[in-house]
Amino acid sequence: DDSGDQAGGGSGKTPKIGVILPDSSSSVRWESADRRFLKEAFDAAGVQSDIQNAQGDKNAFQTIADQMITNGVTVLMIVNLDSGTGKAVLDKAKSQGVATIDYDRLTLGGSAQYYVSFDNVAVGKLQGEGLVKCLTDAKVEKPAIAYLNGSPTDNNATLFKEGYDSVLKPKFDSGEYTKAADDSVPDWDNTQAATIFEQQLTKTGGKIDGVLSANDGLGNAAISVLKKNNLNGKVPVTGQDADPQALQNILAGDQCMTVYKAVKKEADAAAELAIALAKGERKETGQTVRDPEGNRDVPAVLLTPAAIYKENVKDVIADGYVTKEQVCTGDYAKLCTDAGIS
Amino acid sequence: MSANPLLELRGIDKSFGPVQVLRDVAFAAYPGEVTALVGDNGAGKSTLVKCISGIYPVDAGEFIFDGRPVTINSPRDAASLGIEVVYQDLALCDNLDIVQNMFLGREKRNGLVLDEPTMEQMAAETLAGLSVRTVKSLRQHVSSLSGGQRQTVAIAKAVLWNSKLVILDEPTAALGVAQTAQVLELVRRLADNGLAVVLISHNMNDVFAVSDRIAALYLGQMVAQVKTTEITHAQVVELITAGRSGELGLAADPGVNGNGAAPADSTAGGVS
Amino acid sequence: MSANPLLELRGIDKSFGPVQVLRDVAFAAYPGEVTALVGDNGAGKSTLVKCISGIYPVDAGEFIFDGRPVTINSPRDAASLGIEVVYQDLALCDNLDIVQNMFLGREKRNGLVLDEPTMEQMAAETLAGLSVRTVKSLRQHVSSLSGGQRQTVAIAKAVLWNSKLVILDEPTAALGVAQTAQVLELVRRLADNGLAVVLISHNMNDVFAVSDRIAALYLGQMVAQVKTTEITHAQVVELITAGRSGELGLAADPGVNGNGAAPADSTAGGVS
Amino acid sequence: MSITAVTKEGPAAVAPAPTVGSHVRDYWQRVRGGDIGALPAVAGLLVLCTIFSIMRPSFLTAGNFANLFTQGAAVTLIAMGLVFVLLLGEIDLSAGFASGVCAAVLANLVTVLGYPWYVAVLAALLTGMVIGTTLGFLVAKVGIPSFVVTLAGFLAFQGVVLLLMKEGRNISVREPVVVAIVNRNMPVALGWTLAAIAVAGFAVVQLLRYRSRAARNLINDPFPVVLGRIAALALVLGLAVYVLNLERSLNTLITSLKGVPIVVPIVAVLLVVLTFVLQRTSYGRHIYAVGGNREAARRAGINVDRIRISAFMICSTMAAVGGIVAASRANSVDPNTGGSNVLLYAVGAAVIGGTSLFGGKGRILDAVLGGAVVAVIDNGMGLMGYSSGVKYVVTGVVLLLAASVDALSRRRASATGNR
Amino acid sequence: MSITAVTKEGPAAVAPAPTVGSHVRDYWQRVRGGDIGALPAVAGLLVLCTIFSIMRPSFLTAGNFANLFTQGAAVTLIAMGLVFVLLLGEIDLSAGFASGVCAAVLANLVTVLGYPWYVAVLAALLTGMVIGTTLGFLVAKVGIPSFVVTLAGFLAFQGVVLLLMKEGRNISVREPVVVAIVNRNMPVALGWTLAAIAVAGFAVVQLLRYRSRAARNLINDPFPVVLGRIAALALVLGLAVYVLNLERSLNTLITSLKGVPIVVPIVAVLLVVLTFVLQRTSYGRHIYAVGGNREAARRAGINVDRIRISAFMICSTMAAVGGIVAASRANSVDPNTGGSNVLLYAVGAAVIGGTSLFGGKGRILDAVLGGAVVAVIDNGMGLMGYSSGVKYVVTGVVLLLAASVDALSRRRASATGNR
């Protein structure tokens, strides 16, 4: 029904796609990867685009949406900050005849035509499994785990936690593992993360055998504290996003694993759908996701994240997500060679 | 005049941290009389006034107002007893205009709304009675007034109200010749209307011109409170600068014999 | 005395927004002489002083200092010419102590480090010379000083320095009898040492006691600048309150005949 | 005695009764003297609008004009409350998250517990009042500096929002009345009617005042100036309502979109009411007095503590109003409501409008004008399509430019001794 | 003339030369009178520490003591710079992100471009100076209120960090010297040596001062009091160094960890240097004067503009130092460095310590004590294991409690007319 309203494309309006990214603090990916890949895809297709970042500010998020609609975008692609604002934006766009896509985060009760994402719970699951693998490799008996969760105000952080809890909670319950600490890091702030982790260490008298940190920035904060106590490499740390910094940490053995989300694939898939919508076409995705709040099945493209360990760091580089120059600087050149990165 | 003082203080002590500023001060102000409070710079006159008006809490001592013991904890208490004060450090709100300052805390109202025309008119009349001729507009912020104009506004503010006791702390310090005369006349008129007036001044001519009694503070101690007719100009100056004059004032130092000659000499240069 | 003025002003105009405060004012201060600047409240005396010291920029007019035309854009400029001012609104830093205020902007130093003992000693000596006896400690913040003590600190601050011109805007307003005498003596001594001194005061006794010349401002206009010996007490009061006295002052109103009787009457109440 | 004779006419007589010409001349002199009121903020606003219109023609559409109001409303409302606290020389860092707490209360009541909207709105406002009273008590009676008290509030309320949100989930607000506040418009006719009523009311007040002053022979603005003022208001209001009543749907086939957004009269009424409180009641007078010279106010017998507590109460209550508007705009409340830049923008709005952080100087209109500047910058920058980094930098620079218009025009003020 | 005779002894003679007894009595009187200096902040700190130690014994370990220093260092350093700006009655909202910009410059130079650490550190400090000078110029010369200027800076620098971070990447800092600042410790012997030197230096300064005042017959503290002061410093420093020199490795099998963290002497030296500047140079005197009464300072011939610009310069330079420390601690710089709560915590630290937002009152030591309060709260709360929401609320409440110790003890001050 919505796509039929896409008179905008047909009535000679030049297609123009607006993208609103959420922030630059929860993960470095938004500004460094998504923006670039989306822009490349749109430019390649020859459609105009306007990509902006709400910097975690809901009010700014809505203002940007208003402005994009004012500016005459025909397709709006959003990564919502929360479902409420997301829904307000999507509804407003719909009322103005603008097609919409949920990118990376599903807006519950929303009205987007498509949903393109990684499965955030799956990301958490990979982190949980990764930590178990590293602890098993290190043969730690009855390991004590510390959680460094993402921002308490970020719904995604809740989803990640749901994922790793599904792996680790049974182990806590069975007494195989113990949970040493469980703290959220406000604003995904790395500086605060360092303090929080330091206090976890102090509180437990240093008895932390594994750190489940929700992304690479938090992981690096934990590693910096471990380094200060000369414990780096002895306590596995997880991550997410496959930052160059995290890849270096993994190569050096300070970090156990990270979760790589092939943002380029996600961006390309989303761009393809958006371009189609802008031209007034409707593509089949073959997959749907249930929106429990809106009671509808949203056509979706779901991509699978990958766990990265020392062995497969090279895959990320081969993918072009980060370059060899970014990772294999200075001392890391030799580690790169050892890890088979050419 | 009435034999019962309107306000009587007994045994007032006041210290700021380690510095004792007032010691066992007794003071009385009589209705229908002008009591001049004199003393050297730093003697404690302004501090005494601020204790009376509730700005400073006293460390010890009693207040008796109209025959009843009272406690004054804030300027509100003092105002509700009918005490009006012109402070030496005028305490005007620089960001308000003349009318607003004059009616501050006691605005005229029409229901909820401020009655600006009435206030403006009353302010204009009061200021006219104080010989103020150079004020350009009553809606001028007091920050743009000259020193004398500010002082006049502060005086006008205090005399606008029906009060029982008016205390003026060096009210004529910044005033011109005509304005000073006007204020002294006003002081006399207030007393003649039955109010108790306390006037602080360093100008002995003014003190002798209008006062009925003179109270002298010396280093925080009240050394004398006498009828103006019973004391001379030179004696007051002696009390101010040396704390005693003949019979009056502090008991003579044991070490020095009590003839007032030396202190009298010492202030010769001080009498202009 | 010297025939050449140290400071001469010509045609000074100054307005605050729509209000013109000084009109075509001419003024001269001579070395070795005390020039008294008199005028009613709001006449513009303090404004003129602030124009001289560079606090207010003038709208029009020339400054001639020591025979050379100068421009004074800030108090720094004035200070570097050797002009020291005691302002009516004293302008002390309440959060600093007495010594710190007295040496503000011209601290004594030992290399980089402030030389506190020297400053404290100099301050103590200067204050002692001004008859200040009630200050408890030189390390007291000036916010805790009495009105007269503050005034003394401001005066002491201005006379500490070797300057050529000292301007005192109502310096004795808050002072006690002894302190006033001391300041007047100081004023005379400064002039006798060859400095030019400008004294603003509403007290005619003081003006006649120490001044060599009298300059009278009336509603922003300079109505007369004459030798003190050539004018009487009553004439000065007339100039202040009416702007003219006989031959002196503003030209008579065309509508009124020029005999000075009416204005003289009008100020009768003003002379105490 | 003839002195009294000379002064009988009183100070009022010194200045002659002004004519239109002298009034205009006086105004111009005042402007040149640096005493310029709202002029610089308005000028800055015009400059900004002109630049944005030239660079992005879509800035100057009816739709964007309507967006401006809804985008700026929440910050402006919070800023209006902050003016009270700033007038006292205090600060309220917690206003942002206080609005979040109130919004969370609202959302919990209407969505989770299913109360009717008016109960929820009242509860939100009440929450604001309680918060403000508590802050005010700690500042005035306990004597902790307001910066510290409200910094503690800033932290604590952040936690309260999280707790009310059940640790990080957001709550949708679908209650139609609440959602309508920002997202629905008034009928075209109602818009015109309200505007007419406003102009008429203003005219009555102005004319009554003119008459009463004339009757007492007090200095009065010339009659034509009074008329001109009324005409100016009529013009501005009329123009705004006209533009907002234009069709602004991008696609009229789908929907029609016109009328004054409902939030506009809400802001307008609060502007009038709070301005009345500050300028025409003795309570307002006392606020200025306490802010200008607390000691003088105390000596004048003003109950300083009560004034301070009440100002914090008004501030937090206005924050609650802002929170309700924010919840309406977002159709939801999440743990970040009232967080991020809301507080700084709100204080910034008040300060840009001309309110002093040192107390004693400021008006409610300042908050609205400053809020408009902030909203225009945000709105205009959204049209430019910069990347985040560049956008931040340009926003900062534009804010600085808007403020320097003000600063430079006030420079003469300090040169002439006014401040 | 006998008046002069009476006063020849001078004011100094009014008070008799103090003895130890009278000194103690005076001090007690001053405390009772509300003039209590650092006492309340120290008291608040002790109360906090006691509570945390009782609730979580691990709070009172050598390791946690060392952590406290490294956790609080960045905020404390920024707060130390802010004191200069606050003393003038101005504010610098941009200090947090200014530290981020400087950290980003450092990271880019050492990591991306491979410059040696000293070049990078110098460049970061220089960046801070340039930023501060620009802010100061806009405030002092253009005349825009500092709140607005630094709000613009707050926005713009946020953008600059993003741009320097190549749109959001974070940059690792692995340069050993930079990393060492916060993460490495001094040898045990060096710690003792530095402490000894510090105590000796203090003793020399105190004794020289005593002698010079005694020589001029000025009022002097009694000699035993001077000695007591030296002994107190020796005791505090000795104790701190002793604890920091204890073994605090969590697992001595893996590693040994002891010694004073390198950042501690850096903070200490800056504390001494900046305190010297404020208390013992005419520049510092002028800062206080401008903050206390700008007009009086101008009339005293002080170049007010230069003072204001330089204060902003110092503030931003200290922010740069804070940024370097933050980068060292995180081993990396990300777009959030200096963001989030850093600014509020830094201003809060200064204010909690006793610095006034209205200017004219405050010391560098305030920032350090306040920074310690903030760090202790953060540190202690980290040990409690609350959920985020509860943690925020409790942090706010604890902050309030710490501040009310101060407020209540100063209450007498206002009652006696001191402020």
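Things to note:
We just call them A, B, C, D and E in the order they show up, numbering each chain from 1.
In this section, a residue touches a chain if its C-beta (ideal position, glycine included) is under 8 Å from a C-beta of that chain, and two chains touch if they have at least 3 such contacts.
Here's who's who by UniProt: B, C = Sugar ABC transporter ATP-binding protein; D, E = Xylose transport system permease protein XylH.
Since we're looking at a predicted model, the values are computed, not measured.
Hopping across touching chains, the smallest step count from chain C to chain E is 1.
Ranking all chains by how far their C-alpha centres lie from the centre of chain B, first place goes to A.
Taking B-D and A-D together, the pair of chains sharing more C-beta contacts is A-D.
The chain with its CA mean position farthest from that of chain C is A.
Averaged Cα coordinates give chain A a centre that lies 39 Å from the centre of chain E.
Remark: chain C and chain D have CA centroids separated by 46 Å (rounded to whole angstrom). Chain centres here are Cα averages; for chain D and chain E they lie 37 Å apart. Across the assembly, chain C contributes 16, 55, 132-133, 135-136, 144, 178, 182, 241, 267, 269-270 as residues in contact with two or more other chains. For chain A, residues touching at least two other chains, in rising order: 24, 31, 35, 152, 184. Within chain E, residues 3, 6, 162, 167-168, 387-389, 417-418 each touch two or more of the remaining chains. Chain C makes touch with chain B in their complex at residues 16, 19, 39-43, 45-47, 88-89, 132-136, 144-149, 152, 170, 173-182, 184-185, 202-206, 209, 219, 237, 240-241, 267, 269-272. Residues 56, 58-59, 61, 63-64, 67, 70-71, 74, 111, 114, 162, 166-172, 174, 179, 182-183, 249-251, 254-255, 257, 326, 329-332, 334-337, 339-342, 378-379, 382-383, 385, 387-389 of chain E are the ones that touch chain A when the two sit in their complex. By the touch criterion stated above, chain D contacts chain E in their complex at residues 89, 91, 93, 138, 142-145, 147-149, 151-163, 167-168, 344, 347-348, 351-352, 356-358, 387-397, 399-400, 403-404, 406-408, 410-411, 414. In the complex of the two chains, the chain C residues touching chain E come out as 53, 55, 74-76, 79, 85, 87, 91-96, 100, 104-107, 109, 112-114, 117-118, 120-121, 124-125, 127-129, 131-133, 135-139, 143-144, 178, 182.
By the touch criterion stated above, chain E contacts chain C in their complex at residues 3-4, 6-12, 14-15, 212-213, 216, 218-219, 280-282, 285-286, 288-289, 291-293, 295-303, 360-361, 417-419.
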